[in-house]
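I've put the structures underneath this note.
Both complexes shown next keep subunit A, but they swap its partner, so subunit B is in the first and subunit C is in the second.
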Partner chain A sequence: MGLLSDPNRRKALTNLLTRLNAPICMVCYLAAIVWFMGLAFEPFTLRTYMSENAMGSTMVEERFSSGERALSLAKEFDAHKTKAGGMPVEWLVKAMQARGLEVFTQSFSRKLPFPDENKERYMVRGTNVYGILRAPRAPRTEALVITAPCSPGNSNNQAVGLLLALAQYFRNQIFWAKDIIFLVNEHDLIGMQAWLEGYHHTNITGMEYSPLQGRAGSIQAALSLELSSDVITSLDLILEGLNGQLPNLDLANLFYAFCQKLGVLCTIQGKLQRNDWDTAEGYTHAAQTMMLMVLKQACGRSWGDHGLFLRYHIEAASIRGINGFRHYKMDVATIGRLLEGMVRKLNNLLERLHQSYFFYLLPSLSRFVSIGYYMPAFGLLAVILLLRALDLWVNLGAPALEAVDGVTEAEQPSGPGVLTVLTPVVISHLTGVALYLLPVHLQEMAVEHFPVSETEAVVLTAVAIYTAGLALPHNTQRLLSGEGTEQGWKVLKLTALLYLAVLLGCTALINFSLGFVLAVTLVPITASMTPHMPKALSALAMVLLSPAFTILYCVFIYQELIEAPVSVSEGWMLFLSVISQGILDHALYGSLVYPLLALFVYPCWLMFWNILFWS
Partner chain B sequence: MAAPLTLLLIVAVTIRAVLFRSSLAELISERVEVVSPLNAWKRVVEGLALLDLGVSPYSGDVFHETPLMIYLFHFTVDYAEIVFMVSPYFVDCLSCFLAPLDRFRKQKYALESDRYPADCLELLRSPKEMFYIPLKVAMFYLLNPFTILSCVAKSTCGLNNAIIALFIFCTLKGSALLSGILLALATYQSIYPLTLFAPALLFFLQRLYIPVNLRRSSFWFFTLQYAFIYVGSLVVITGLSFFLLGSWDFIPSVYGFIFSVPDLTPNIGLFWYFFAEMFEHFRLFFICVFQINVFFYTIPLSIKLKEHPVFLIFMQIAIISIFKSYPTVGDVALYMAFLPAWSHLYRFLRNIFLVSCVLLACSALFPVLWHLWIYAGSANSNFYYAITLLFNFGQILLVSDYFYAYLRREHHLIHGLYLKKKDGTEATLVLK
Partner chain C sequence: CSHHPGKARDQFQEELVIRPLHSGDIYASFQFRTLWDTDFLQERQKVSHYRLFPKSLGQVLSKFSVRELHISFTQGFWRTMQWGQPFIPSPPGAELWVWFHDTVSDVDGNWKELTNVLSGIFCASLNFIDLTNTVQPSASFKPLGLGNATDHRFLRYATLPREIVCTENLTPWKKLLPCGSKAGLSVLLKSEKLFHSSFHSQAVHIRPVCQDEQCTSKAWELRQTLNVVFDLYTSGQGKKEWSLFKMFSRTLTEACPLATSSKVYVDITDNPELFELSPATPLLSQAVVLGDRRTYSVFDLTRAETFGQLRSLNLLLRWKGDSGMLRPLLHAERYVAGFGLQTGEIHTVIYNNHPYRAFPVLLMDSVPWYLQLYIHTLTVTSKSRDNKPSYIHYQPAKDRHRPHLLEMLIQLPPHSMTEVTVQFERALLKWTEYTPDPNHGFYVGSSVVSALVPSMVAMNTNFTQDQPLFSSFVPVKEESSYFVRVYTEPLLVNLPTPDFSMPYNVICLTCTVVAVGYGSFYNLLTRTFQVDEPSLPLAKRLANLIRRIRGVPLLA
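The block that comes next holds the complex of A and B.
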């Protein structure tokens, strides 16, 4: 308590912090970036290991061998799919019933708030088919789910074929202690959402669906399968779920362990693992893999059908077959054995996966960075905001203490202070609310008056409101209190800094990547913003580091990392589609990134914009 | 003065009415930070249903309100929203109390101003500053997000706060009878206000110019008189409850529940995690330790602050709200309403920046970590308890900071504002 109660030491500390504020902040920022980049360096990461006893020590022997049958089922499915022009419900029901499952269907319909141009859908109507294999060895209180999406075109047929072949094989085994649900869902995530909401008797997104006729126990884990060709060269594991949520690391470990055992090439973020961590290429490779994970997690959408399970406290991952690396080839039977092994280990679980980490980043499948290692990188950025706030606080307090001759002078700032701070805060937030509500609600009006489609109307309205927000608020405090005072902007900046710190802190706890990406771009400009800087230059800098530009940069960096670089105009089109996808994700699945940006981050950034034009 | 107060009331009522009608109300009334097992509206409804069926409301393990409270709601359940809307305005009485308090102080200062060194005059509050204090107190209570949340959740904590506020009001008005009765009522509601007996007694003694001297018969006479009012009304209220209900069921169900802490639902207090982790055979011992902790501070604080009973009341309320077994944010709001009354201590506060940062961050982190723990399943109870600890650390720091500032101001009033060491350099005060 010495620091808190001894005035001399306190004074020394505050003096140090205020005098060296700028250098300390600079060092913190650089340290944060270096720390973050260092996370991908192999000696600083931990080797993954299986924490769950029930999955680690028990041996299973995989015997699945009906790869040919899976492929013929896939062909049959394909033929029926083309004939039905969509999900061949009757054929699937029959096929599952023939394999001894209890089969049920669920129909659902959903009208999107505006047409989805990426997937070309507006009024969605579909059916999910699922079959339950009842556990012969235990009371039916727990379940596992294997899903395969029924995609349009001729993709993903092999996944459905393998699903059916696995069902047939599993039916003949006696060791199942958990019900196994085989689900074929239509319209990817929308069907998944309908099925999960039906299963858990909730309705959070306004979906219309028929209630489920058959249920199994509480779902412990789920695997989603995506296979589009007969021959697979490698398997990709996808973990990022809705709002950046990740499944327990043990699920990834399980996948990795079986890939090792069966000699299957496995990738994460589509990148193979390299062993030369001590070379520059090796490090760059790991850094790229990690950056891809950060970007995917930050955008808060579900990157596979598994992503929606995570919300219901169900550990889930997607496994995607890739046909690209020429030398290695494996047949469907090997993938079947891999899935068999994983499901059998999951079948052995005595409680939900909880032993291993939930907060992690993966520079490769065999290495991980836990929360304790990556949080300091964010912490260093947050400290900058707090240090600046402390500096302002000392600055604001100093004149009041020095004014020996009058009490009246110390009283002065509090009077107009409240009003000058409150007005910009309220106006910024109202702009944020407009940005959140208007794009979707005004689309009809926009379509009437401008020659654009609904989707374009929504996105362009959002961009227009965002830009209009820059012009709007910085005149307001002058209307109310005449001249903006020196005290005024300092109080506003203090408020805005603390607000931003709390906001980013909360975001980083829920979704580290999003918090970190926002902090990297927002912190430098917000920490240094004062009204006395050259207006044009700092305005440009602020705009270039605003939340919207952050999204734009992320789009370019992401394209660069997946080795599909785009030109500026393509990038712009991608940026627009990312915005529309963000709004759709929010409306359809409840992703929180769009409301977070519109209702909190953007208004907070506007407050700093306001400070710049304080006069 | 009346106009801003009316405006404030209108704003406060509007906010609450809007929130009552919005979909947020249901969400808020489920939050563990806002409602505790003692004061959740859901449980009151359950108790009322049992009462209507002719069953003792305490027969389940759900209802823990006092009998008088359930009979109050028995008659006003249809107007429950209005009751909860009105209850904060009793706390407005808090603001009224400051008027007499200030007059009293002004006289005191007028009498004693020649005794203080000249440079201390700036430490005394000018009448102009005091004029706005009631308004500020009302604003701090009515517009405090904690109060609003508590009110929208229909937590009966608001009613308990109203009783305590009325008690303070009557005490400062100098009515020993009403003060005793209301203190008994507050104690009956939640036991812990028992510790307010000491400051109330000290206040009356000071007001009647009776010195606190154990050998003086006048001291004993008044103490016994006040204690008699207090205990008498407590007996009457408890007896009344017995006759209303026809059984003593409520004693274990209300007071036993408060003391033995059987419900370990997480809240913003310190009990739940500790007792969830505890081995069963240590439980009794640590319950005693934790509960004595709440009451124990009365003794040293009463000795130290015997000249300043009003500040002592503030300290006691704050300590209760930090250390009680089922605290909610409504309790925190009550003592925070006092803060503007001590605005003259502001220049002596040392950690106010740190404390406000901590309280702000914690208030935001509570729902976030709750989400991670309960819904996402990725964090666990340790994360949530860490924030609880930090929140309570912030509160304790706030209270001790005000305590230190108060003592330091008193010191300066006597010794002068600008202290010199023996060698003529400027001296600093160190708390050790």
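The block that comes next holds the complex of A and C.
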């Protein structure tokens, strides 16, 4: 550190950094993008391996063979479901009791903040049914959970049938060391949330539910099953949970190991694995898979019923049966054997799953990118913000140094007042608070005055407040401190840059994908923004790279990646529904993406908007 | 013995009770009782001649001045809601409670040695009992034998909820029996079947009792009990049909020759609606047990006709229909609420299913020190109203020295659910305090609910020798109620656990950062900088020296 304590050398270093600031930033940005895209390149990634000893070396034999029974149970379930017009509670209770489980039910109700138009629900009332297989000679301290949602229409009947058949088979085995809970939840995630809150006796989302009567100790792992056809061609593994949380990688490894063992085609993000990594197609395929994971993780919602378990430190994944156009089909018994194997290995666990990674990206099921490999991509982006901040700091410091040498210190104003910086900060954040609170609270008023539905009212209010925010604050500092000074905007920008760096840094630690996606779009404009740029052009660039447009691009890219491209108008409708889903996810399950965007990212972006119109 | 060479002063009884359960499972309860009218605690006279009573235990009693000793090893959890009340309840894992004689001066020392000795006798990890998991309950564990000692300074109670019970514990337990596993009922105790069950519990209870009705002399009673529940699905192949052979893969051919009485009881109260029993026996017996009058078929193994022509007894029970079960009047459960690794809440729920009678229960909770209870958050609610306990005994924990002990007397309203909640914070352990092996988490022992439950029928308060053993374990003091002890499930709690492979990396990293980064930054921030003046040449310095002496201005 002699480099810094020597004033001459320090000066040389800062000179270098300020002089080469722009090129360094550019290089960093490009390096970040290249690094990130390189993550999908197979030689740069690691092969997945089982870390947990208890699951790796122990042998289990899969003997489940009641596939036919599972299908007939599925049919029976379907008939009773149609008859009951929803969850056939009594039938399920009887079916589980007949299989020797301790059966309990839980009723719940939830009024959504506004109607969910995707799933057409507003007042939700339902019942969860679960049966507990008590492990012989274990004292109810640990449990595993297998869930299957009771979905409307024809879907997921086979999942419930398989669940019951597995329960029957498992009940006759002596080797269980953990209780196994078989749960059929109604209204997918809402029912799951009610059950989990009931099980842990918490209430974080304002759900109303009846208390649970039967418990089985601390839940170690959970598998959620989605199966809608009698035969399947492949199984898809879904890992992304609430707020971008992921289960321990060993759970994915376990699934992959059994797929290999039983010869089941397995996919992740609906994409099969390819072996030709050295061709352009092979690389593109891996990159697409990884991008899909990044987008899914970034949006912070639970992509299956498993996603809500993760908050409670329960490792969980969803397994979805897919019936595609392949020649080779598998029957339910094979899936049953796969689940049997997985559950038996989880049953062997001597401790909670913790050996393997919790932070990872998967370009394919057999390859993973750990946090140590993907973090530099984000780090390179964050460094840009810090470099720009350093540049500004040096700039701001330089005249102050001259002032010390100058004759009078009184003439030089001691920098811009606190108010000049504080006003835009406060006003930006108030706009953010409005964006967070008003859409849901003003929906009734909006519905009264405009010919729109509640959901549209909420989304359009959000869009309106977002747009209004652009007009509002860019002249605010003048109210208090008159003309903006050159130093004023620099201090504001310095604050905003550091704020953004901290914000993105924290976000990326919790949810890398979200942090990275935001950084990729926000860093270029925020780093280069000054009031001296051509107003119209830079305003356009800023708007096009604002958080809302980021969401819009993500929608289009996502649709492109899942090979269901949409037109602009469809994309716009999807965008609106994404916003409403984001708000709903926050209200129903406690997803944090909406408050993060509304309360922090958008205000931060507004500060830069403010700088652009500094006068 | 030497005084009455003709008449043995000790006697041995064995007994098996089979209770078909409504769930289709079957409950078998063995009791072996050895009675000996000697006095282990006499100072002058050392007991040295043993006949039926196991010498290893007798010596322990006299060495440590034990008044009463109860030890149980249980694998599995008694499902009160499916199975009703057991004859002798026990918590999962190991439980040990001992009343020492009031002449003992160093109770803790005796307790420590005793646990180590018992650990050796029963091949169990009882040596893990130390002061951090031992409590002295003030009211929940009264002596069951003679004498009314109430000074709980002489009581020690500990549980090891993690203890796993297996054949290695069964073998030493069987060795204590006079007939070993050679003859009598104990031939049924084959480990491959006993541990292929949904509940297994074995216990030893030693206490002083009255020798006869008048209680003119005192005798020592050793009761060895073994309870096992066979599962309908895993052991019974889903068929509601049980036989001795199916349960134990053995049949009975003789009584233990040393036993004065050897009987098999089959609970046929629900017969003939529920099941049929073969061979039929004309011998019936009625007993009031756990507040209910039950009828039993009795098979006396000391009589040759019991075994019939085949010279072997294989009882066969076949269910004919289903019947509902009365909800047990008292049951309790417990769980941890909340998530995350910082705080949590222990919920204990106690149900009184009596339709119109309220009764008080004693709740005892022993919580390890690493869960720091916030006792001010203790709430007791019944029927969503505050229920103030009439007696609370709370002993706070001392870190690394003793656990929390909470005892409360709570009145349970009729047909109600009472919820006791208390919040806790998880302590940060020192790194050596974590178990070295992979572990599921940290266990908290069962809470104990002891109660005098109002009885449906008059309880038998008379002491008679002919009473079946299973109905005479807990002394009945009054006719209108009976004593029940209910154990809740143990809890498994995760404490914040460091990733133990990390410290090395972290130490390296932090040391580097501290050494290189922090040190220099601190240096940089605290140092004051000034421009270094170039040092003067030697000639000028000499000139300055001379100038200073002369008193003229110095050269620059």
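Definition applied: the second predicted complex is superposed on the first by the 598 of 615 C-alpha atoms of A that agree within 3 Å, B and C clash if a C-alpha of one lies under 4 Å from a C-alpha of the other, contacts with A are read in each partner's own complex, and residues count from 1 in each chain.
FYI, a residue touches a chain if its C-beta (ideal position, glycine included) is under 8 Å from a C-beta of that chain, and two chains touch if they have at least 3 such contacts.
The structure displayed is predicted, hence computed values, not measured ones.
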First, second, both or neither for A:218, with subunit B first and subunit C second: second
First (subunit B), second (subunit C), both or neither touched by A:498: first
Partner chain(s) touched by A:173 [first = subunit B, second = subunit C, both, neither]: second
Partner chain in contact with A:109 - subunit B first, subunit C second, else both or neither: neither
Contacts of A:351 with subunit B and subunit C, given as first, second, both or neither: second
First (subunit B), second (subunit C), both or neither touched by A:510: first
Which superposed partner A:205 touches (first subunit B, second subunit C, both, neither): neither
Which superposed partner A:138 touches (first subunit B, second subunit C, both, neither): second
Footprint overlap on subunit A, where subunit B in one structure and subunit C in the other make contact: 4-5, 7, 311, 313, 352, 354
Partner subunit A, residues of subunit B touching it in the complex: 122, 126, 129, 347, 350-351, 353, 357, 360-361, 364-365, 368-369, 371-372, 375-379, 397, 428-432
Subunit C residues within the subunit A interface of the complex: 75-77, 79, 81-82, 92-93, 161, 195-200, 231-234, 237-238, 333, 335-341, 345, 347, 437-441, 443, 489-494, 499, 516, 520-521, 523-524, 527, 529
Of all residues in subunit A, those that touch subunit B in their complex: 4-8, 10, 245-246, 310-311, 313, 352, 354, 358-359, 386, 389-390, 393, 400-401, 407, 410-411, 498, 501-503, 505-506, 509-510
Residue numbers on subunit A that touch subunit C, as the complex places them: 1, 4-5, 7, 53-54, 100, 102, 134, 136-142, 171-174, 200-202, 215, 217-218, 311-313, 350-352, 354
